[in-house]
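The following pair of complexes shares a single chain, subunit A, combined with subunit B in the former and subunit C in the latter.
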Partner chain A sequence: MTAVGIDPLSLENFSIAPTWDGSTLRIAFSGNADMDARAPLEAFVKRLNVQVLAAKLKRVVCDMRGLYFMNSACFKCLVQWIDAIVKSEVEQQYTLNFIKNPKMAWQARSLESLRHFGPAIVHIKIEP
Partner chain B sequence: MASPALRRAYLELCYRPVSARQIASATRLVGEIFGEPIGEPDAIARVTLAVHEILENLAKYAAEDVPSLCVELSEDGDAGLIEIRTKNRASRECLALIGQLLESLIRADDPREAYRELMARSAARAEGSGLGLARIRAEAELQFSFEIAADLLQITAFGRVPLQPRRSRA
Partner chain C sequence: MAVRGRGRAREVGEPNTTRQLGVRAFLFVILCLTSALPVALLGMSHASRLVKDRVEAVDKQLAASGQATADQITLMMLDSVHAAESFADEVAARRSLSFDALSSALRAHTAHHPHLIGAYVANARGDALIYRSVQSELAPGNGINYADRDYFKEVVKTQRAVISRALMGRFTHTWAINVVAPIHDEQEQFQGITCSSVDLRGISERARRAISALNDGRIVVLDADGRVLADSEDSENLERRDVSKMSLFAPASIGKPLLRLAVDERGRAMRGVAIGLGQPVEGWRVIALSPQATIDDQAAQVRWQALLLAVVLIFAMMGLSARIAAWLARPLQSLAASAAAVVVGEFRALPTPPKNAPREVTRLFHDLDRMIERLGAYTGELEQEVEARTSDLTRANQELRRAEQLIHEDIEQARRFQERMLPVVEPRGVDLATAYFPLERVSGDIFDVCELGDGRLRIFLADATGHGVQASLRTVALKSAYDRVKLLHQRPQELLFALNERLVADFPGGELLCASACLDLRFGQQRIDVDYVNAGAEPLYVFSAEAGARAVYTSGPLLGGSRVSYPEAKQFELLPGELLLVASDGLVEQMNARHERFEDRIGTLRLQGSASSFLSELMLAFHEFRGTTKVRDDITLIALKTS
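Entry: the complex of A and B
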């Protein structure tokens, strides 16, 4: 699997940029994940999950530092992503490592909710 | 007789949000007006998260009428009391579902666990998230009260927030 296989998502106020850091796939979220972003995000996440499972990756890093806000409809897309991973065969499962922005207080609460939902899948950390 | 709570900030918006940009603008406005007296970033984030979710609900579910959103911050001892009130008309089916959800959130002993259960149900559903109000209860840590009369729905999300000391006028 190469970076070419994953198209970025670019909307007026929201974007997702996939990059490779060695063999680690990093997905950088930025902007405002609002009602206009839900459908594209849902499609992106579904497509990405299929590709990650096919490539047998063991983790994906989700960099949320540039994400100003995420509404509950977009949040549901992440919930469905975690749910899809949990329901995959055990040997196919991979982890989601979320990098949060400590200056955006909502992220600590929302990412903690995701960890509560998928404790074996979701990890949260801070990076400089 | 106890004196009435001293109001520190009040904002009333009467409009039907139709775009993400309008919702973002109103949420920013609330953050700027209420951020000053609340002060603590985490508490401000709780309030703006709740306002954003409520405005999106109004955009999605309010009937063709002008709904209202009031945000009020008053003194409650050493802390503040934030109240976010909405009033809108909606279809009977919509009101029944919202009433049921609000009842369950009000009664939930553990709002985070109730939220987790809703997430699991929501993941299996193709349409709608149904997570907005639960998110307000669990993540914004606000409680609800509500009233349904005919097709009119009034919801209040409320809770305590920190309050900055009053600034003396120069």
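Entry: the complex of A and C
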């Protein structure tokens, strides 16, 4: 459990590992986010948003480099997450910094599609 | 199959008992071990004790025989010494050593002591004056002189009675010992000696009688020099036997029988008791012997007898154990047979208690009878219950099958309905082909191709989240919403914006969130101009026989998520002979066992033939790529080839 009280999510082929380094909450996605991951991911994202708002964090880093597949149902969860942030009070809003894997073209396309739902809060980066 | 519970896991099914003993054999083994084994141990212990007792008895008998012989010899020699001294006193009282004076004394002496085989009287110089042996009458000395005899010298020296070593008598010609007493006159002057001969064969005879009770027993009498005086086994040839250097015949303490184990002069291992004699034959010893081989034979015989008795007892105990085991096993066997009958559903085979069974066993049989009766009753009730439940279950299964059939029919109707929603268009002058592969019976994909009034062709492809029935319902709502607006807007971005507004308004929870692409195609003389707006769908692909394949992509937000605007359409053109492929994500996101995406394989495909044959080749390549990996989503393909 991190400083903002987020438990990791671990399924057979998909996992989410939150880490807290004292200033930044980093959420590492890995594996295969298919239909089996949809419901746990949706619940995770809802809990995460509540915790981040309560902790008044201003930034969450989503490391997608270990994620090799995410279906549209799971992307819908991310869209809903972004929509929830956008619809919250301005002073409560926080940014989502997605770190993409440059070797996976689908990540660039899908994340770019996500960015349209919150251009001000969604950022897409590449990290070594 | 193992059923877990408290304690060990219980194996269900027929137990493998082929290597287990039956109860009778088991009881027999236990009883044998608890009865025959102690008997065997006791028998061995008793045999050992008997052997020890037998050896002790031999030792005691040897000691008794030896002591008796020693006592007899001592008494005999004391008697002989007294006789010799009395004879000397009698001679002295006659005050004459004449033949006549000595005759009556010598006759009386030999008559009163019949164990003497002879006697003589000699003067102080050792000249024999008169003698008598058992074979002859009185006779004069005839010039025989005894001054050279050790015993004569000893008497002259000590002036006391002495007993000689064993020697051959000059008158008796017999191997004997002499008891010699000095003759003194009234002034205590030494006048001569009387000599009485004791036959050593008599001692041997006494020894033989003393040892006669002991099988193979032997008594040897030795003088102080270790020379054999008597031998119960051989009373002859005593003069040649000197055993003084053998440990078996070494000197012994007076009155203290001493056990010895050694080899005799004939090389036999002997067990013996040595007894030393006192005055007047101090230094003599009696050795009572028994061959060790005889003792060992007797011990072995005792051991065999004890062993035989033990074996007989063991067999008797085994027989008794067999009877007891059979008696004890009978109730258990009867109970086991009843249990086996119950196992196969036979509740009428009630066990019969054996006659003369203990009270608890009879009670157990009685209780078991009641248990089996109650079990039979329960089983009957249970069978009725199972029959009723089975009937209910059969009815429920039939209802479920009917319901399943209805669902199946419903889904089939939904599939036909969804197929009817798909457009049937054959635009003039365009080679257009479509393929539609639901992952299940119905699909989460929907597409539309329609001609706009100004000669343009509009292609729309949408992929609702998920697949199956719930996704197909979304496609119905989506298609309905699309059909209402598809002809109202000139530009595709305006169309998607209007469609999104409608979806967000009708489904604010994002239920109709979907990826989609919309293309308007305007046909020219040499090319086709395409306006392309994307709402989170996969890229388009343009295939050319000369230039290969290229992806065409523009970004845009998913439909139905929230109120957003759509970017300007991306414009590109199709040249003659090129083929445009619009595909849902089920195609490009398909993975193989190595987690590779089919998207990376599409660029290697070559354009051949018509749009329809291209789609066939595409699907062949798709299935070859995925191998045994399952298809993971609905697939919809739209191919348009320019002429």
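The criterion applied here is as follows: the second predicted complex is superposed on the first by the 124 of 128 C-alpha atoms of A that agree within 3 Å, B and C clash if a C-alpha of one lies under 4 Å from a C-alpha of the other, contacts with A are read in each partner's own complex, and residues count from 1 in each chain.
Note that in this section contacts are C-beta pairs under 8 Å (C-beta built on N, C-alpha and C of every residue); 3 or more make two chains touch, one makes a residue touch a chain.
Worth saying up front: this structure is predicted, and the values here are computed from it rather than measured.
Asks: Would you mind checking whether subunit B and subunit C clash or fit side by side on subunit A after the superposition?
Replies: clash
Asks: Check whether A:A120 is in contact with subunit B, with subunit C, with both or with neither, and answer first, second, both or neither.
Replies: Neither partner.
Asks: Considering only touches as defined above, state whether A:D36 meets subunit B (first), subunit C (second), both or neither.
Replies: In the superposition, A:D36 touches subunit B alone.
Asks: Where does A:N13 make contact in the superposed view: on subunit B (first), on subunit C (second), on both, or on neither?
Replies: first
Asks: Regarding the shared-chain residue A:N71, is it in contact with subunit B (first), subunit C (second), both, or neither?
Replies: both
Asks: Under the stated touch criterion, which partner chain does A:V50 make contact with: subunit B (first), subunit C (second), both, or neither?
Replies: neither
Asks: Using the superposition described at the top, list the residues of subunit A that contact subunit B and also contact subunit C.
Replies: 34-35, 69, 71-73, 75-76, 79-80, 83, 105-106, 109-110, 113, 116-117.
Asks: Show me the residue ranges of subunit A that touch subunit B in the complex, using the header's touch definition.
Replies: 13, 32, 34-36, 69, 71-73, 75-76, 79-80, 82-83, 103-106, 108-110, 113, 116-117
Asks: Residues of subunit A touching subunit C in their complex?
Replies: Contacts found on subunit A: 34-35, 68-69, 71-73, 75-76, 79-80, 83, 86, 105-106, 109-110, 112-113, 115-117.
Asks: Which positions of subunit C touch subunit A when the two form their complex?
Replies: 463-466, 510, 513-515, 535-536, 538-539, 553, 555-558, 561-562, 564, 585, 588-589, 591, 595, 597, 599, 632-633
Asks: Using the touch definition up top, name the residues of subunit B that touch subunit A in the complex.
Replies: Checking each residue of subunit B against subunit A gives 20-21, 23-24, 27, 41-42, 44-46, 48-49, 52-53, 56, 59-60, 112, 115-116, 119-120, 122-124, 128-129, 131-132, 135, 138-140.
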